[in-house]
């Protein structure tokens, strides 16, 4: 590790800190200082993205970036940039930039913007902290901070409905947090500090402890599964749809569900180690759970009439692809899961941006109101179409890459039935996305738009449109250019090659 | 320990009992003052003249006067001054504050 | 039995008696009487036990002196609060005692 | 009824526990009386009476805090009285006989108080007893209906009440500045300083006890309003 | 061990300040007290420096060493607590002095200074009778502070508090009498030589424990607390919840460690732990049911006190690791709760003043107008809930580890369940404050200094979560190592 220098030891902390500082600054700003707040927001986002790119290049060169600090005896606070962490950090910082731009446009003239953007920044700080956490304890720290910082965003509108959603959200996430804490504390008591590293020595333990370790694994997966919206624990996600669109985008594509899925990846690969998890016989049930969630989410999505709720169930289904990839015992499947971490983020955020655009520009919320929107808002509709095709897995879009790798991975492991699940899921995806596309492009407008704004814009307000187009472009490029360096696939392969090749 | 001590001790306990059991509050306070004076005697028996002095002056004397003084106050009638919302509300658990 | 020990036993009795009175009564004056009786019991216990078989001991005696002043201060404070409470509420016991 | 049962049980438990404790008590190895007398005999302590030595030498911090306790009670009494005066009910008894008795008794009591204070260093007596007797004088005077004009000025009264603690603390500070412990008076001055402290304490204790008494000089003559603050807010 | 003369200043300064405020006219007392605060810190700094340099400090007061005299002992625990006291008091004083409505509250200042003198005395004293005097001073000053409001409700609360405090100290005093009979000394150091299995010692410790639990308001002896803490002025509530109830707890902790050699102690400790568990659940449940903001916060104190008492089952008869974790966890919990609860009470005071109502239901819309106060409340709430990153979380983590290390898994349920329950009542407040809708337009503004005081306390409870290492190292005592040898 030749590139070791004092700056490198601070860099992970600085990356987390940029959003923290931004949050503090925004909290202190008076409500009406819009200009200054925008400067704060955007400069923090840009600086962070720059730092992350720098760190990413360093990581490719195998430079170590690590902040380490003893919290109390036997427990350290560790932030470290490893390839997997950088992958998630990069996604969050990139999407944060776009979401911030989008949110500034979306919330124009809305009340409580200081509070909103303050917690928004805090939320991103937590996500980046989760990504860079170097041990389970640090991970948990930021995982709970994420819960706390997203609550005010969920209830932002302050309506009775939002409050109820907030209550449900808290009940799920705090409960999940408690279970996770039990797991983390139990593991800590058993083996001491657990740093993230492939097969962190658990397999050297006495085999008599295997039942305890299994229990701990279950606790961890339950705790993480709440945020990842795994099957019986997904209830909060559709309810949380009352939040403003940028929040939904953040919850679904970047922060919350991803944090859960990412945590499961960490637990399987970096805490228990994939081989040891396999030996404990835990991968198979995890795969079943993921498949069940995939199918369940897709089926429920079919019946939703509200656009955002349909997207929400679609998220439940899609996030489990990541879990499925993790549960496949083999490098190819792993690549599939990891790459979907990025792909799903790019595609889903595009879809939510579009849903937000429809709602803000035309007041359209329900799917049957979408007729003819393609003509009124062509750019948004193209972005939506790209996202939807990606989700279905039409080649050569991003979703296809994921499903291809997952399928090959499943064959490698001898779990051919997974292919059936993938196919079924793709059909279901098509079944709930294609009718929407049909309405957008091929049906004439039926009634006047419920609540039209921005009449003088060809499509919608540029602050809303530009981020949408940008993420759409990225998700397109992720599929088309999958073979190029620095594509999501490339990163996923780096991660697997470096660390997880069993 | 002689008969005198025994007598003193038993009287002391009896006075204490009376101070606690009297129905009439005034009688109870008087009994308490007697109790204080007897305590002073006990301290003499325990070779503690300093405490005996203090007990007679403070324990029995001043405390007694304070108690009698307050007793006189409690005999007087006042209109309860709190308005309705300021009336002493039960502040114990399960009442008052429970929604 | 020495005089000291005997009065220590009297102290035990007073403590028991005082505690009974403290809990059983509602009227705040009576509870204060009980408190003072219990206090006297503890003073007897302190001096009596310390001196039993060893002659006068100035240390516990001095402690009792301190204790007596503290007791009178506490009692006086309680009476002040009691009078004020009686004045605003017309009650001489606490509402719904625990 | 349940209250009686609770009380009986609690009382029974404590009685039995204490009885066991008294019966089974071990013999202590330390003997403080011996230590105290060896400390007093060579005149290391400024006083000869062991109890005064314990109160104002060995355990002087106890005494100091105890005066603070008394002051706290007084502060609370004043705070509540100012918030809502008791009203002008002077329990003065216009009884000529009482007047005569008080006139006779008073000089005697003052003398007793002075003696107790002075005696404290060698014989039973001391600031507490003297202060209590002095307070008793005040109580008697008020009972007899005599007004204590000199004491009706709050500033002086307050000063007098605080004086004991102030002197006590102030006397304790110089040793600290000289690098010794708090309250560690120089041996040759100890006797005098302790007498000074005791004198101040006597005055303060007397005034403090008197202030706790309802017949004490009122702080103000405002008539009894139910509660001034509430009225203003209403 | 010497060089401790400076310790006495920690007592002398508050006493002098109390005298000065008594003599000063009412309107000068608040700002005068603020001016005296730097002196207090000035007294503390050299003491802390000396401690870091040479370890535990002692000073024999009056030049008389124990057992005849009384010594102040500045060990790590004591100095940590003194620092906590100074910090919390400084901010509460700032809050109270900034109060634009100083009506009739000038008596607060002498009482508060006596309270601080009593606290410092209790932290530093090594003599059980001196501790009794300190407890009385503390109790009466606290009762006075509660009574200060003068309303019927405040008076009833003060009276109830006074009765509990008196009974508690009496039980403690009887224990002192028995200990003196058994040991012939009142110094804690001498009492440690006693045989813990002796009946007299057992009875003494039991009585003292019950008395101190009553003063600490451990369930089910907590009945006096909610009205006293909930009904007082905000700065007073903060001081009482943050510091006063901790004093009796610390005395119990010290006694327990000094007299630990009793085989029955394990059983007793489990029983105390059960009461603590009861406190956590009952306090949390009652907090949730409150309609008034400050009463909710007060019941939260009842619940949080329960965590402290898990110390006893976790340290008694368990192994070295578990005991060390329990010690660290309990003290960190104490500190975190002190800071967070003080911040919470001050923030609650600001919120109540802003909306002009004590009811939680009236908080709607306050988040928009007093975001800083609400934020302070929320941040303090994070620590109270035991969520990261906060002192409350780190403390809970240590206690969890201790419970796991000693194999006492039932306490896990208490720790986890209590955390969730506290989330329920903290978010109940936040939920009402976030509600938008037809809200009032008339919000009164608390002074900026008052808002900043609350925020500072709340933030420091967060910072404690990541800066606990040094503090805990400072407070880890020699006494503990002795206990650990016994246990190991």
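As written, the chain order gives the labels A, B, C, D and E, with residue 1 at the start of each chain.
To be clear about the criterion, a residue touches a chain if its C-beta (ideal position, glycine included) is under 8 Å from a C-beta of that chain, and two chains touch if they have at least 3 such contacts.
This is a predicted model, so every value here is computed, not measured.
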Practice item. Considering only mean CA positions as chain centres, point out the chain farthest from chain C. Key: A
Revision key, fill the gap. Note to self: most contacts are between D-E
Check your understanding: Hey, which chain is the most central one here, using CA centres?
Key -> E
Study note, to complete from the structure: By Cα centroid distance, the chain farthest from chain E is A
Practice item. Find the geometric centre of each of chain A and chain E from their Cα atoms only, then give the gap between the two centres in Å, rounded to an integer. Key: 42
Check your understanding: What whole-Å value do you get for the distance between chain B and chain C if each is reduced to the mean of its CA atoms?
Key -> 9
Study note, to complete from the structure: Cα centroid separation, chain A vs chain C, in Å, comes to 67
Review point. If you average the CA atoms of chain A and of chain D, how far apart do the two points sit, in angstrom?
Key: 71
Exercise for review: Would you pick out the residues of chain B that each touch at least 2 other chains?
Suggested key: 50, 54, 58, 62, 66, 69-70, 73, 79, 81-82, 86-89, 91-92
Study note, to complete from the structure: Touching two or more other chains in chain E are residues 129, 133, 136, 140, 143-144, 147, 150-152, 156, 174, 178, 181, 184, 223
Practice item. At least two other chains touched by the same residue of chain A: list those residues. Key: none
Check your understanding: Inside the complex, what are the residues of chain D that reach chain C?
Key -> 3-4, 6-8, 10-12, 14-15, 18-19, 22, 25, 31-33, 36, 50-51, 53-55, 58-59, 62-63, 66, 69-70, 72-73, 76-77, 80-81, 84, 86, 128, 205, 209, 212, 214, 226-227
Exercise for review: Could you please specify the touching residues of chain D with respect to chain B in the complex?
Suggested key: 51, 86, 89, 91, 116, 124-126, 128-129, 132-133, 135-136, 139, 209, 212-215, 226-227, 230, 234
Point to revise | Touching residues on chain B, where the partner in the complex is chain C | key: 1, 5-6, 9, 12-13, 16-17, 19-20, 25, 28-29, 32, 35, 39, 42-43, 45-48, 50-51, 54-55, 58-59, 62-63, 66-67, 69-71, 73-74, 77-82, 86-92, 95
**Study point:** chain D residues within the chain E interface of the complex
**Key:** 14, 17-18, 20-26, 28-32, 35-36, 39, 57-62, 64-66, 68-69, 71-73, 75-76, 78-80, 82-84, 158-159, 161-162, 165-166, 169, 172-173, 175-176, 179-185, 227, 229-230
Exercise for review: Could you pull out which chain C residues touch chain B in their complex?
Suggested key: 1-7, 9-10, 13-14, 17-18, 20-21, 25, 27, 29-30, 32-34, 36-37, 40, 43-44, 47-48, 51, 55-56, 61, 64-65, 68-69, 71-72, 75-76, 79, 82-83, 86-92, 95-96, 98
